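Quick one: structure below, then a few questions.
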Amino acid sequence: MSLLDSEAVETYERSITAPPADNLVLEARNLDFFYGKKQTLFGVDLPVEKNKITALIGPSGCGKSTLLRTLNRIYELYPGQQATGRIILDGQDVLADKAGIARLRARDGDAVEVTPNKMDLATLRARVGMVFQKPTPFPMSIYDNIAFGVRLYKRIRGAEMDEIVERALRRAALWDEVKDKLKESGLGLSGGQQQRLCVARGLAIDPEVLLLDEPASALDPISTAKLEDTLNELVGNVTIVIVTHNLHQAARLAQHTGFMFLGRMIEFGPTEEFFSAPKLKRTRDYVTGRFG
Amino acid sequence: MTRMTARARRRSIINTIFVTACGLTAVIALGALALIGWSLLTKGIGGINGDLFTMSQPAPGSRGGLLNAITGSVILCLLAMVFAVVIGVLAGTWLSEYGGRTKLGHVVRFLNDVLLSAPSILIGLFVYELLVRNVVGHFSALAGSVALAILAVPIVTRTTEDILLLQPAALREAGMALGATRAFVVRKIVWRSAATGLLTAGLLGFARISGETAPLLFTSLGNQFFSVKLLQPIASLPTTIFQFALSAYDDWQRLAWAGALLIAASVLAINIAGRAIIHGKSS
Amino acid sequence: MDEKTGNGDRHTVAAFDVEMGGLRAAVIRMGGLAEFALANTLAALEKGDNVLAAKVVEEDKAIDAAEAEIDQLVLQTLVRRSPFADDLREVLMAHRVSGYLERVGDYAKGVARRLEQVHSPAERQAAKMLGELGARSYDMLVGALNAYAARDPQKAKQIYESDARIDEEYRRVFLVLLTQMANDAATIPVIGQLLLAAKSLERVGDQATNIAEMVYFTYTSEKLESRHTAG
């Protein structure tokens, strides 16, 4: 049986060892995703434990980035992309707008449980932040980069804003390196620093969850190490979901790991078990480098 | 072994021929440019004096300058660029950020490209019919600006769209991931990031219209007196050059050459200034 | 093919498979050396052949060298491959099994050394009593190494559970030798050596049990219940 045999994947075996239900801050349930007519996520479950790091791994095209991008609905920038299912953030269903509920009912029947959503997109994105693969500093000063997000929600100026900026930069382990050049452009920083600037920018609005999409793939080993160190420090205060193609990074950072393949969540569980004794053959094949 | 050397030799001959041909054509092109520049310089420099900038168009035989024409050109181009940049940047932004992939977007882009290569005299005729014969009733600086604006808009639109499309998608996503609306992200992030490109768009638009003559003949017409009234005909360097160059008078002809030199010099200066600003911003 | 062990699957990086294969082969080779040493010791015991005993002592160096070689290979594989899951468990297993085999070699050497002090026919006769104990330990060792080679946790479990037979035989031999010492004080020095030799043979059984335990854990991720009784 070839591992890429999609017929076999239809009847795939899965194993989800979720963290305790009352510790979850974010949960995707039975999530489908469509790119136009093409379906790219199939009934995905993702339990995210509060204030821990959850990693998503899998081969290229498995849907891990797609899954991440449903969590803050950033995919909606592009017409024709759609998610059907439930994404529960602290008791509210992020996907439950009118259209979403209609799609859910169409798929699962009218009796399906629906949690109404009172959150607008801006509020969602204030609570679920995102850092991208390529560092994206805004074309403005370091200070303004950090303040940008804050200014969207609050009227804060002067010393109060200075404090917020400093706190965010400290949390991202960048303060010492930039404290004397806050007025300089963010574009003048090195790649690793730019990425930490993006982390600080995301942290400035105090989100509950921070999503990171392969944040270190464009960085050299030392910058990667600094970024990982930063993420380790954040655990306990922020929930982190990280997509990575680097198995060792997932093994180092995450408390929970999920393996995805062809748009499905194959195995999910505590990281140590995951990498020392995975439950399913597919997982073990991927993790030991026996894939395809 | 000898076969290889023969082939190598043939290759080197072909190479030499090719290089020589390229060099020759470059010389010809630069030569033509040099010739134009030289004629402008030698024939126009004689007419450059204080009077050129302080006195208006003279009657044949008397002292005078091109003040009215210079002022007119400045007013026409400035007003035209204001129209063109506002409309062009907004249109280009719409194409890049909002409706570019819709059916309407494709139609708009197509029409824009058509307008890009529309003959300027047709534009002039159109504005003549619209603004000169009807709305205003007579030739006016306003009509001239509108004509020039219509010529510049397609370039500004096209360049704006191209430059904005070059901005990485992640930049927009990063802004929206913080909770900003799309319009906010476009204004505060995308435009800022593309600032040098937008400046280029403006410069390209200006370069298109700075020497245009035909449309102005139908719209702003020309004015032998100094005027800044928008609803009255106004002089401009190209139209004045046209008039003077065709005349029989020597002093008018000298003024025409001086005007031509002025146009060339100012276009050159603006291009250099534009590049300097762009280099300054990027370093 | 076992879902969990998945032999037959190849790594995308072929060199990884080559290294794992090399490691496994080195362990099996070392196992052969240990088996050989033990077999020779038992033969020397049976035939009263002190020359053979001396050979065993001499050849222990090869066993030590094999352990050093495996250490090197383990380190290399860890550095180069940073293995996960079953690959990691196999590498750790190779490391530990080589340690157990080195001890087996030491015990065989120890028994051989003690045999060199046995001279009189009466003493040789006493020594032969260790034969059965030695045979049982040898069988366990061979069984454990077969389970390793076959990647068979069930076989390993069987070996593990036959540990009791060695304890049983050891206690019997112990009593017999003790009785002899009590009867004839002159034999105490030699019998003393034989008692220590018997202990060594019993310990070989322990190492074989350890190997079996390791094999079982590597392929099932479960620990075997400890069945050791004080002895």
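Note that the chains are named A, B and C in the order they appear, and that numbering of residues resets to 1 at the start of each chain.
Rule of thumb we're sticking to: a residue touches a chain if its C-beta (ideal position, glycine included) is under 8 Å from a C-beta of that chain, and two chains touch if they have at least 3 such contacts.
Heads up on the chains, UniProt names are A = ATP-binding cassette domain-containing protein; C = Phosphate-specific transport system accessory protein PhoU.
Source: prediction; values computed, not measured.
Least step count on the touch graph, chain B to chain C: 2. Comparing the CA-atom centres of all chains against that of chain B, the greatest distance is found for C. Of the two chain pairs shown, A-C and A-B, the one joined by more C-beta contacts is A-B.
Once CA atoms are averaged chain by chain and compared with the all-protein CA average, the nearest chain turns out to be A. Averaging Cα coordinates per chain places chain B and chain C 91 Å apart. Averaged C-alpha coordinates put the centre of chain A at 51 Å from the centre of chain C. Centre-to-centre separation between chain A and chain B, using Cα means, comes to 48 Å.
Those residues of chain C in touch with two or more other chains do not exist in this structure.
Listed in rising order, the residues of chain A touching chain C in the complex are 247-248, 251, 275-278, 281, 284-285, 287-292. Partner chain A is touched in their complex by these residues of chain B: 101, 168, 170-182, 184, 188-189, 192-193, 195. Across the complex, chain A meets chain B through its residues 72, 74, 77, 79, 121-126, 129-130, 132-134, 136, 138-140, 148-149, 152-153, 198, 201-202, 205.
The part of chain C that touches chain A in the complex is made up of residues 3-4, 6, 9-13, 16, 82-89, 221.
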